[in-house]
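Read from first to last, the chains carry the letters A, B, C, D and E; within each, the first residue is number 1.
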Amino acid sequence: MPEVTTAHYVVLSAVIFAVGLFGVVTRKNAVIILMSLELMLNGANLAFVAFSRHHGNLQGQVFTFFVIAVAAAEAAVALAILIALFRLKGSVTLDDVTELRG
Amino acid sequence: MNASVLHLMLPEIVLTVAALGVMLWDLWLPAGKKSPLGWASIAICIALFALTFLPEVAKGGTGLAGCFTVDPLALFFKRAFCVTGFLVFLISREYVDDLPQGQGEFYTLSLLALLGMFLCSSVADFMSLFVSLEVVTVSFFVLAAFRRERTTSVEAGLKLLVIGSLSAGILLYGIAFVYGAVGSVSFADIRHYVATGHIEPELLMGAVLIFLGLGFKTSAVPLHVWVPDVYQGSPTPVTAYLSVGSKLAGFVLVVRCLTVFAPPGGELSSELTAFFALVAALTLVYGNLGAIPQTNIKRLMGYSSIAQCGYILIGIAAASASQFEGNTSGLSGALFYMAAYVVTNLAAFAVVLIVAKATGSHEIDDYAGLARRSPMLGASLACALLSLAGVPPFIGFFGKFMLLGSSFDLAHPELLWVGAIGFVTVVIALYYYLLVVKRIYVFEPRSPEPLAVTGRMKVVLVLAVAALIFGGIAPGFLVRSATEVVDQLALAAAR
Amino acid sequence: MDFLSLFVIVPAVAALVLVLVPERQKALVSAIPALAAATCLAMAIWLMKGAMTGGEEWLATLTPPRIPWVESLGITWSVGCDGISAAMVLLTSIVLFAGSLVSIYAPSTHTGIGDRPKTFFLLFLALVTGVYGVFLVRDLFFFYFSYELAVVPMYLLIGVWGSKDREYAAMKLTLYLTAGAMVALAGILFLYFRTWEVLGQATFHMDDVLAASKLPAFNAPMHGVDFQNTTFALLFLGFAAIVPMWPFHTWSPIGHAAAPAAGSMMHAGVLMKLGAYAILRIAFPSCPSGAAHWLPWVAIISMANIVYGGYVAMAQRDMKFVIGFSSSSHMGYTLLGLASASVMGVTGAVFLMFAHGVMTALAFALIGFFYDQTHNRHIPDLGGLSHQLPFIGTCFALMAMASAGVPGFANFASEFMVMLGAWQAGFKWQAVIAVFGVVISAVYLLRAVRDAFFGPRNPRWDKIHDAHGLQKLPYVFLLAVLLVFGCYPKPITDVIEAGVKPIVEAVQATTEFKGNYADRIEIAEGKR
Amino acid sequence: MDRAPLLAYVTLFAPLAATVVITLFTLKHKALSGFLALAGIVTGLVCTILLATDVFAGTKFPPHEIDWLSVGGITLKFGVMVDSLSVLMSLVVTGVGSCIFLYSTGYMKGDEGYSRYFACLSLFAFSMLGIVFSTNFVQTFIFWELVGVSSYSLIGFYFAKPSAVDAGKKAFLTNRIGDFGMTCGILLLFFTLAEHGISTSLSFAELAPIFHDAAKHGLDPYSGTLALAAFLIFTGAMAKSAQVPLHVWLPDAMEGPTPVSALMHAATMVAAGVYLVARTYFLFFNYHDALEVIAGLGAVTALLAACMAFVQNDVKKVLAYSTLSQLGYMTLSLGLFGPGAAMFHLTTHAAFKALLFLGAGSVIHGCHHEQDMRHMGGLRKLMPVTAWTFIIGSAALAGIFPLAGFWSKDAILTTALHESRVLFGVGLVVAFMTACYMGRAYLMTFEGEYRGHAKVHESPATMTIPLVVLAGLSIVAGFFSLPIGFLGREHPGALDHMIVGPGGPAWFPGILEDHFNLMVAAGGTLAAVLGIIVAWRFYGSRAWSIESFTATIGPIHRWVVNKFYFDEVYLWIVREIQQRVADVCAWFEKNVLVQGVVKGLSDFTRWLGYLVRLMLDGHLHRYVTMALFGIVAILAYLGMRN
Amino acid sequence: MEGLSFWVGGTLTVTAGMLAVTRRNAVASVMWLVAAFMGMAVLFFGMDAAFLGVIQILVYAGAILVLFLFVIMLLNLTPSALVRIDRPRAKVLGLASAGFFVTMIVVVAMGSQAWTTGEKAHRIGSSAGPRASDVLPVADQLFEQHLLPFEVASILLLVAIIGAVVLTKRKV
């Protein structure tokens, strides 16, 4: 098993980020899209922590802490919007949310 | 924490307290009698504006372990944000007073967004940057979806949210790369690192991802995709606020990051110049072309907002190319233009609000004969749009002149092509703005009854138009302040 | 405030005052612009009189010190006046005066400015402010500022108060001219930054640019291309759109046709002259070798203007289109005069700008007069109008004569000067074609006069009235101007020549000139 | 200022003053307008007579000039040249002019545009005098054009009549074509001389000595360029003096009021071309090729016009073609080194042709605007004064001894005989034809039975007095040429003395020394008498049938009746070439430039706008995909830069 | 130890993440996402970031995802409502863009000398050595070095609270 370097973690984080992206692009369900966005943030978090270890300082870890806080805030607002949407439309499918276009 | 930090942060502290105060006061005011909140918010903006001139604040400095800095750039933008808030709150009253509920929350969130903007202009490391930016962004998620009983508003909120989160991810990834390359998130450290000649691809990639992520706020291609939809769907005061406040918050960070990634002597800047040139060109073309077939004024303003971002990016590209040395008219032009943009755009939105209130429509066709129904509204909107189009004697003309001019500096010929595209798009822009002006002046009104304008709005319009013209004829003062800001930045960046 | 700045300030202040006057005060609303116009005319006459007696030296004494405006960019408010400017200012004042009178004394108010006169005059004055600015400022930034300021109000003037196709015409005109201005701005910026490089100081002042252009470093190639050739081409092409040079002329006839009378007058009379003036004022002196490089081509294109414009005019049936295309044909002479790069030709070109401005203002005023009542400009529908409109008919015939280059009117003298200049520059065939162009212009103008004004009385137009009393004033005034300067052109040509001479001599001093104008004859020295 | 230039200026500007005053102030006061105009021209006449006393006495005046325009080393001047030539011409213009002005006050009575008429007529007098006194080519050209303008305004005087307006337009445009050549000629002349460093002046007084002594000034006297310039300048004269093929306007110009035809299209304006060539003869003298062409053109014009005069029924048209023919005569003389003879004929012709026109005008006036000779006849008894003066005029035109025409025609024929026998023959034939068609005209108008319906009356005194005066002139004008002692060759004739005498132009070939040739006189007279006899046989006694004659010559007659198809050719050029070119240009403008390029560009931009708009179709996932692609593309672009 | 955590945690995160974004049933997605976050926690632990690992489980898995679950239940997002999830074209495009993005990052990351050599760089700001499981250095960072973001984060949460309330209050 080769030695695990920072680059390995970066690649892994990119893969996780990409999985999130994939979800955002392909899913129609707004809830799943939100979850995919969370996954993307986690990808970035991984990179931060890996770099934190790489550089031997804790800024990356602290940054991750804030990212989690931001993610929580975003999730709260996002879910509130989804609820509002659901109340109006009866669904949270993106195909129903195309009134604004052009 | 010592007293000097408290002095430095006085506007932010006042703003926080005020926002919370407004939130609490709301609980005491009976429903339907919420207009004092609006007056209070306006007063807060005036007070903040005054506070920025307090010697303790104005002299600048850093605090909070180097995370918070007050320099001329921050002050310039803070003042611009005060004006933004002042005008937005003033024109919002036309709209918010009619809301069935939630006035208190509206003002609180708007004030908190303003706080986010204030923080954005003062941050000195990427951690604070990210969090402050998110304060602005999340506030706007809520504000955009504020009319939750309307599908368009909620749709706008959702679209803003998804693209916003995506761009936050991009931004984060960029910051991560920069952090990975440098080992610090502090601006000073990174600037020092860049200035000493490191140009690793990961650093470049990080920087580019950061600027791309910030492009969400400034509505630059390719993360501009939310702009037209959200502008159209959001409540009109929010659109106004979004178009100015959110954009400026993005730009102050862009400028700030530019001092980090393109300091004198740094070798990253040629790549960044190419990047900005490309993005500016794409943004210009996209915004201006997309605006041509629009029939909804708010959507038109959305595309126009993208286009304006493109012009500012020309100046940013020139700043990146000149690396705060020699001719810095690109950056000062960008700052000038942003300040001009505040007044111009808000004047336009004021008219949009009034017309929407009277006619209930945002269709451009309903602006037919506006100058007949209300000469004042017609003239104000026409002036604002022509200023956006860059026509003398309005302030937008001078801004565009500086920005486009900066791209023709023979010292960095690689920007010539962007300048050329800028010139072409100026003509296109004039076309679609004139389409609106045509409806205002040339077409006959659909219904002849005059539009009423409240005294308050009359004052706003007269002031705004006067500012547009005065700023266009005598731009010296504003240019001087912008130039001073840039000079200070150059000094700081060279350190 | 100095005298020259007053030309810009008077209309601007009048516009500001007008903003404050309520729309109901109709008398005041028309009195203010008329007063401003009269003031400007008086000042312009005084200026020209001074220039005739005192020459360039006297004009130079009028130049006030520069007022810094935006220091960091080197923008100053600086005005100045030479012979060319003096002539153009006089032209502007004349057309402004006549245009205000025509607007005020319009026989009916239907297509006149009965609708929202305040806004009309406001825009009109804004436009005039810009025009004066272009002719007087000596700072490239303010030059461009004024140029754009003069272009854009035209959109509304045409769009709101115009006639058929006004929306299309207004949009086309504005976009075309703005596009041209953009190209020219590129050239201006090149000059600006090159001057900055050479002098080490940001300045938009034309004198500084000229001073820099004398230094060898100014001409250093710009990334492989010749600096002057590129810059001149940009400046020329940009400003040529408003001249209007073929094939960029298509905005002009329809623009004229759609505009209201005073708008057309201002537009064809003065606005179109901005282009040639700008070329002469900026492109020639700053890029003399670029001028010498490109001008032979301009001489060829100007033929397209003259002949093509003339023939298209011949095929038109709308009176305003006839005059519109004839304008683009006549401006070909101006281009040819500029292309000759000789004192005679260029002076002729400037004088032609003056003469054509007055003539075409007269033409559009006259057309406006009868169109106001007939609501018809289709020439075959008219006919015999002289029976009902003897005064207007006579004026129109005289205008046609002036336009067709009949001696006695200033147009003849100027066109003849252009021909002399062109031949002198070695453009013999161009000169011959230019002479032929005069024949063409006579064909369509006489035809227009015949079909519209002569022939049996047409009872359809029995209801319309001829001009009477004060209504006649603007027409008589414009005709008198044409005749006075046409009968004795020396005073004004002397003034113009003094302004033209240094500009042309700079071009003639270049090596490029000696290569391109090998055939040129040193008439003055009688060499060879 | 000296007395002479001052008088010349007064002569020149008095009619202009009349024009200005009439236009500005007295349009409503008809009588006053007429008086002012008459006063203007009579003032001119008086001044000219005063000048003539000096000039013909041999006083020499330098030209008086001021700078009209002076730019870039080229100076154009304006001034007056007082010499025998100009004074002679001025005498013709003001003299005949005064008669005609006076005549007009009667003829135009009651016309709506009375004041306008006199304004235009005075303007014409001013323009014509401007040519006469001109000192240089440019000034000549300026007044040349002004003459065209006043001619336009007077031909089209009855602007309600489309034919009149068209005739005016035709005259103006035909003259414009001539002026086109003239301008080119002036430019070519000026710059050729300037190029060779010979002269930068266009003044006659300065150029004449140069051409006279070409070698001394380094001038190539046989330069083709200068010959071309000379010929081009002549094209101006060709148009104004209505030489083939630019003659087509003159017959149509008869649409104007008859006094106008008399003054301009018979006596003075059309003679301007001859005057111009005479004035600038120094230019032509060296260029024999140019002169040969001129002579040929003159001969052809004289011949063709005489032919066409036979078939006209409109009395004014007959006179018009006769004028054409006589102008051809003068031109012939010019081409044969006889400017003096040409000027002589010009002078006499002015008198008797004006007389004829005014006589015709009187007839027309008397017949209530009937111009067709077929509806006249027998008018001699009804209008005796008119008839007798008409006879004098016709005889003078025909060249009957001792009337004016005899002497001048004789001078031309002598010149012709001296240079070319062929052209002399042409001259004789034309002389015969002239007598013949004038006989026809007289006989059809005044003899036989009255064939019209309107009541005929003799004209008022204002009209008959000029007739009598001009008849007197037509009788005596020729005697001026008589040498003292009749055969004494060493004493040239008075006219000759005037022209080439000390007060004459700087350099000018005089009337030939062997001025009077008995053979020529006899030949000419014989031809004229023959012509009259033939006319009498056809129209007087009706011994010969005109119908059978026309049938005999068939195709020739058709050609003549159709005026040799000149008008058709021009019409074809105008319709098929000029208008087609105009249509093609207009088509190109509309469909290629406007609809094609400009609209194409704007449509393309708008289409791009729609395309961009389509990108945002409301589907969020597409937005995200687009954004991602954008980011990837930008990163790839930057990656590729490295 | 570290290698093991990388491979185990990495595999778990990626697999579970992929499953989470592809499940039709939203509840299943959430459950898989919980698994993925657990994998992340494993990775954090492996990198001596125990504090973060705990936070990850507590906040993400414990709070945020439970919130998601609540909402899903609240909205009654039955699988039947989610039948049409496939977007063939979008899938290709999404895959392609995501793939490009990753490729680019990988190329840059693998090209970086510093990151691939495995040695721990100590360049800037590495005053305190990483004493992994200790919370104190993190606290120092949070409350001393990065107090501003910490405070701002609280405002952010306040915004979120107000927002959530204003958007979901019953009465419209």
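Going forward, a contact is a pair of C-beta atoms (placed from the backbone, for glycine too) under 8 Å apart; a residue touches a chain by one contact, two chains touch by 3 or more.
Since the model is a prediction, treat every value here as computed from it, not as a measurement.
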{"item": "Shared interface partners, meaning chains that touch subunit A and subunit B", "value": "D, E"}
{"item": "Distance-maximising chain from subunit A - centres being C-alpha averages", "value": "D"}
{"item": "Chain pair with the most C-beta contacts", "value": "A-E"}
{"item": "Chain whose Cα centroid lies at the greatest distance from that of subunit C", "value": "E"}
{"item": "Identifier of the chain whose CA centre is least distant from the whole-structure CA centre", "value": "C"}
{"item": "Separation of subunit B from subunit C, taking each centre as the mean of its C-alpha atoms, in whole Å", "value": "42"}
{"item": "Subunit D and subunit E: spacing of chain centres that average the CA atoms, whole Å", "value": "102"}
{"item": "Whole-Å gap separating subunit C and subunit D, where each centre is the average of the chain's CA atoms", "value": "37"}
{"item": "Centre-to-centre distance between subunit E and subunit B (centres being mean Cα positions), rounded to whole Å", "value": "31"}
{"item": "Shared interface positions of subunit C, touching two or more other chains", "value": "175"}
{"item": "For subunit B, residues contacting two or more additional chains", "value": "127, 130-131, 134, 138, 141-142, 145, 148-149, 157-159, 162, 166, 173, 177, 180, 183-184, 201, 205, 228-229, 293-294, 431"}
{"item": "Set of subunit A residues in contact with two or more other chains", "value": "6, 10, 17, 20-21, 24-28, 33-34, 50, 54-55, 57, 59, 62, 66, 69-70, 73-74, 77, 80-82, 84, 95, 97, 99-102"}
{"item": "All pairs of touching chains, each written as two labels joined by a dash", "value": "A-B, A-D, A-E, B-C, B-D, B-E, C-D, D-E"}
{"item": "Footprint of subunit C on subunit B - complex, ascending", "value": "327, 329, 332, 371, 375, 386, 391-393, 397, 401-402, 404-405, 408-411, 413, 419-420, 423-424, 426-427, 430-431, 434, 437-438, 441-442, 474-476, 479-480, 483"}
{"item": "Residue ranges of subunit B touching subunit A (in the complex, touch as defined)", "value": "126-127, 130-131, 134, 138, 141-142, 145, 148-149, 151-152, 154-159, 161-162, 165-166, 168-169, 172-173, 175-177, 179-180, 183-185, 228-230, 232-233, 293-294, 299"}
{"item": "Footprint of subunit E on subunit A - complex, ascending", "value": "1, 3-12, 14-29, 31-32, 34-36, 38-39, 42, 45-46, 49-50, 52-59, 61-62, 64-66, 68-77, 79-84, 86, 91-93, 95"}
{"item": "Subunit D contact footprint on subunit C (complex, rising order)", "value": "172, 175, 247, 250, 308, 311-312, 314-316, 342-344, 347-348, 384, 386-387, 397, 401, 406-408, 412-413, 416-417, 419-421, 423-424, 428, 431-432, 435-436, 438-439, 442-443, 446-447, 450, 453-457, 488-490, 493-494, 497, 501, 504, 521, 523-528"}
{"item": "Touch list for subunit E against partner subunit D, complex", "value": "87, 90, 93-94, 97-98, 100-101, 104, 107"}
